[in-house]
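Same chain, two partners: subunit A is paired with subunit B first, then with subunit C.
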Partner chain A sequence: MSGLGLFFAILGAALAALLAGAGSARGVGMAGQAAAGVVTDQPDMFGRVLILQLLPGTQGIYGLLIAFVAMNNLGIMSGNPEVSCSLLKGLAYLGACLPMAIVGYISAINQAKAAVASIALVSKRPDQFGKSMLFPAMVETYAIFALLISILALNGVGAI
Partner chain B sequence: MAVLPMKKVLIVGLRKNRKQMLELLQRQGVMQIEIRKRSEDEQDPVFEQIDTTGIRTTFEKNIILANQSLQVLDAVKPPEASDGGLFAGRKKMSLTDYETNTRKRDRIMEMVYNIQTLDKKRNEIAAEIPKTQMQLEALAPWMDFKHPLDHSGTRSTKTFIGTLANDVPEETILAGIGREDVALDIISHSPEQTCIAVTCLNKDANEVEESLRHMSFARPAVSGDVPSKQQEALTVKLERLQSQDEELKNKIAAYADRREEIKFIADYFRLRSDKYEVIGGLEQTDRVFIVNGYLAARDAASLENLLTTRFDCVVEFSDPEADEEVPVALKNNWYSAPVEGVVASYAMPGKGEIDPTFLASIFYYFLFGMMLSDAAYGLIMIIGVAVILKKYRDSIEPGMRKTLTMFQYAGVGTLFWGIMFGAYFGDLPAVIIRTFINPSLPADFSLAIWCEPSVQPMTVLGFAFIVGIVHIFFGMGALAYTDIKQGKPLDALYDVGFWYLLLIGAIGILINTDMVGGMFGLHLNLPASLILFFEILALIGAVGIVLFGGRESSNWGLRIGKGLYALYGISSYLSDILSYSRLLALGLATGVISSVFNSMAAMVAKPPVIGPILFALIVVVGHVLNLAINALGAYVHTNRLEYVEFFGKFYNGGGKPFTPFEENTKHYRVSE
Partner chain C sequence: MREEYIYAVARVRGKEQKLLSAPVMDSLVSASGVGDALRILSDHGWGEGEVTVSGIDEMFKAERKKTWEFIGELVKDMSVFDVFLYANDYHNLKAAVKETARMETRDSVFIDRSECTIDAETIRRALKDHDYGSLPEEMAPVAAEALDVLLHTGDGQLADIIVDRAALARIREAGAKSDNEIIRMYAELTVACANIKTAIRSCLMKKDKAFLNRALAPCDSLDVADLAQAASESTDAIYEYLGRTTYAEAVPEIRKSPSAFERWCDNLMIRKIRPEIHHPFTIGPLAAYILARDNEIKCVRMILSGKVNDLSVDSIRERVRETYV
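After this line comes the complex of A and B, so read on.
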């Protein structure tokens, strides 16, 4: 069945944007609630808690990035999709996108939990802002690793 | 690269000069005063302490009132010109101005109280207005009723006024009552309710009431006089409330010109409250008082000079004891000083530790630059900070200046890496040429001096690992340096030297293998003798770690066991080095997101006139967003690499930061 390869490839790209984006949406939402709570009492904390709120947002960007790279490789962005993409190649694209999709989703939510705790920390100890940023950033490490593997894999898949 | 040398200070002054001397110290802001509150049962035959909690509470209350008044003023009449916001810093105030303003303090506080009273009244009115509006709304369905709402009938008739749920037609109501000799008046009806008045003869009253109850008849939410009269009264009341509110608002707004005075009074009470906190911790007699504290050795002479020329007092300096916990302040050269804030937010150096600022700064701008890596973004950061620093050069606070300078230098790193990777707003130059000038620009067009990470990711990844190895080796070197400085050269050999040998050997061996070398496209085929050399290095290192990694145990079995466990620590070095892959990943993120926005812009650029405008719009918005998000990411992850991978090797921190007694104000800085 021709075109199935392209289908799986696009599925992979869609999943990367979808899952990582959904994770970030949930994460930024959770952190946003905590941040808004802090700002009711301490309006001058806005700048600091906003940064903490944004931290779980990067996974969505990474997901977008992977989706974009995949679609670009597939020629979708230039309006010239690679219909002849073999099933193997399509599945390889799907596989390449999965680290970012799955790790992106899970790490965004867990990073948000750390961000919520850090927002509570900053509300009580504003001087500890530097450290408070690190706890969520630790979680992000794994999203970055997933991003890296997805990018390297996508690069390799092009050669199939 | 240094922790500032500190001196202990002892100042004995006359009590009549206490106010002036403390205020002078506060304005100088060079001395950290030790505040030691005695416990209740601690008695001293000569010295006493004064309880200042009561007076400080009053000051703090005044500060809160002044700040609240400022908020009230801002809500009623927002300040016209922004005063520079984040960057402007505090305004300078001369000592004479300060003293003139101080004499006005009672009048200013009177104004603060006035604003508070006016605001309280406004709040009461603000609660009354919606209540009146709700009463008016409740009255609306009854407006056609020409009798008082509490009308209950005449001498021989009874009237029931109330509502039925939903819109009920006349016939249904009459059928529900079940008799003809009643007067039904439908006053209004809507899908939610029907307002009715039913009049019947006194003798039928019970029966009618009973049947109305079956139809879920309810008394109206409003009662009292004729609805139209009520409405008139309520409208008058509402208008009165609104005009009162307007009047109060104007009265408050009239104070807006005196905003600065309120800012001053908030600062004034902050200064006094801080001063009284110090006074509460001093030892004093009827005639003299004693101040204990620390200051940087470089400030000693000038402070002594200042105090002794103005007052009759004794100022004594001494060197801190060896085991004393001295507060820590950092002093670095122009290149490193901006990173002090990053170090301080991790921890100040503990006893015997080196100041890691210089070492951290060597890599900081470089790592940041590699993660953001766009020449245009770098230029924006350099120029942007320069403009801000120039505009606010007189008033900007030192801390803010340092932070901004750090971003400026990081901008230089970003510019450098942008040029290396050929990123100028990502691939914008190529996109512009392709879209507007020459559509047949070859696909491999590149401005990169070195290589493009998206084209040769493995090269950049390999380089990122090399940066990581160098960074980590520097960290280990710093541990060796600290050990040697503290007179423990053997520790330096055991904890750092052996690891150097093992890691260099292991890297040498790995790079020659097909698996690792091949990954980066290296097929070195090093000579066997060199490999043997690496193997010997690694072996010496490994044996050394096993033998000495657990040297604190005297039992040899336990010691070797601990040594083996220490050798297992090589896995943590592996993960540390892998962690530097974020240098590539974040660099790629900047580049790819840039090209996402650039391609989006190129898609809409075709139609004449409107196309290029849309193109420019998308490019500007997209790159502002990308710069903001990725600069934040680069900042956070540079800190992470410094804190976890780098500081983790040698730096513990735990020193107390030097917090001088100074003007902790928000709006003004009083200077001599």
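After this line comes the complex of A and C, so read on.
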């Protein structure tokens, strides 16, 4: 069963990049559709709606960051993978990556819903752009919490 | 969550801002004359260039066409909105039945293809040739029956009732099949309000219960048998029956006049669709926009008609509907 630990550790890194990235891709796509709808009739709104469209994209970056940290700890980045990684350690890596993977996916979709609603708000009330940014930004809080926990856990696992 | 409508709803949000608001409607009502009202409409993007009194009908036609062309740009499968067009299809059927029976041609009474699910020419040809295969399966037997009744009895009212009831049944069926709350509500309210109008009119014309049973279309919010019974007795019996239904608030309006009741129905529809202003993901805002535009055109038509006929501002204001935005 040699290498099973490494497999689970890489699975964790992959899930963090995959789920958070998939959530962001879907979220940015949803907000992009709404943004394109607004810009069709109001081209001057481009700058404002673009910012709102990008908000659900951050989870993908966080997922990528967690994947990098995990792979760096495992020596994959330097070309010396920790083949001797125990099953327990590998599962611990997987567990450490899951907060970012799961919360990243869910928060990206929900942030996109808030962003779509905010884009509709901005299209009707351009003067409310500042406030409209806050609604989707609130969802970001939970993605940041997940990022924090995943980083702390990865650091802890690295010391095993 | 239906992501396919996100772009469409965002486009609709932009268009909603161009709908005539209550203050604009008020300025139309207060306009010094029809020319002044047309200028205000022109400022809000109505009509192509300067519109004269003789071009008012064309302006309305163009505005309705604009709505359907816009929705057509956003939705691949327009059949979801067929429910809003069935009334026009059956209007054309009524006109075609009369045209065929009386052997006279009146192109102007037919509604344009862009506002129907089936071309008026197809209906006219089917009736003329007595070959109903080209008509939708729900329409074919109705067309045959209405033409047969008109040819054999000469009773235009009976032929109209056959077609109107079929139209309502089709609207109700389309509403029942829809998974959208707005479309279901539209179908139910349309059928119920039409039934109430028919019941009142039939009662005033002293029609018997057999006629009423034939004229009233089934719906969920009214017991058609009870309504027919009440209408065969007296208008007070209708009011008493409606007082026990969800249409109790309509009774004072019905007592005032048919146009007051019609206004109540239109306002109720607008109030029910208004929450769609805040829904970003469903087809609801698109359906609501179509209904809002329809209401807007109806309202402007009423105001301009009042101006053309020199009605007082107060009299016109009484007829004005609530606006969506």
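We adopt the following convention: the second predicted complex is superposed on the first by the 160 of 160 C-alpha atoms of A that agree within 3 Å, B and C clash if a C-alpha of one lies under 4 Å from a C-alpha of the other, contacts with A are read in each partner's own complex, and residues count from 1 in each chain.
As a convention for this text, contacts are C-beta pairs under 8 Å (C-beta built on N, C-alpha and C of every residue); 3 or more make two chains touch, one makes a residue touch a chain.
As the structure is a prediction and not an experimental result, all values here were calculated from the model.
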{"item": "Joint occupancy of subunit A by subunit B and subunit C, clash or fit", "value": "fit"}
{"item": "Touched partner set for A:11, first subunit B, second subunit C, both or neither", "value": "neither"}
{"item": "Which of subunit B and subunit C A:91 touches, first, second, both or neither", "value": "neither"}
{"item": "Touched partner set for A:51, first subunit B, second subunit C, both or neither", "value": "first"}
{"item": "First (subunit B), second (subunit C), both or neither touched by A:41", "value": "second"}
{"item": "Which of subunit B and subunit C A:25 touches, first, second, both or neither", "value": "neither"}
{"item": "Subunit B or subunit C, by number of subunit A residues touched", "value": "B"}
{"item": "Partner chain in contact with A:116 - subunit B first, subunit C second, else both or neither", "value": "second"}
{"item": "Partner chain(s) touched by A:138 [first = subunit B, second = subunit C, both, neither]", "value": "first"}
{"item": "First (subunit B), second (subunit C), both or neither touched by A:130", "value": "first"}
{"item": "Nearest-approach distance, in Å, of subunit C Cα atoms to those of subunit B in the combined model", "value": "6"}
{"item": "Residues of subunit A contacting subunit B in one complex and subunit C in the other", "value": "none"}
{"item": "Touching residues (chain side subunit C, partner subunit A) in the complex", "value": "1, 3, 6-11, 13-17, 278, 280-281"}
{"item": "Touching residues on subunit B, where the partner in the complex is subunit A", "value": "86, 341-342, 344-346, 457-458, 461, 578-579, 581-582, 584-586, 588-589, 592-593, 596, 599, 629, 632-633, 636-637, 639-640, 643-644"}
{"item": "Touch list for subunit A against partner subunit B, complex", "value": "47, 51, 54-55, 57-58, 61-62, 64-65, 68-69, 77, 128-131, 133-134, 137-138, 140-141, 144-145, 147-148, 151-152, 155"}
{"item": "Of subunit A, residues touching subunit C in the complex", "value": "29-30, 33-38, 40-42, 113, 116-117, 119-120, 123-124"}
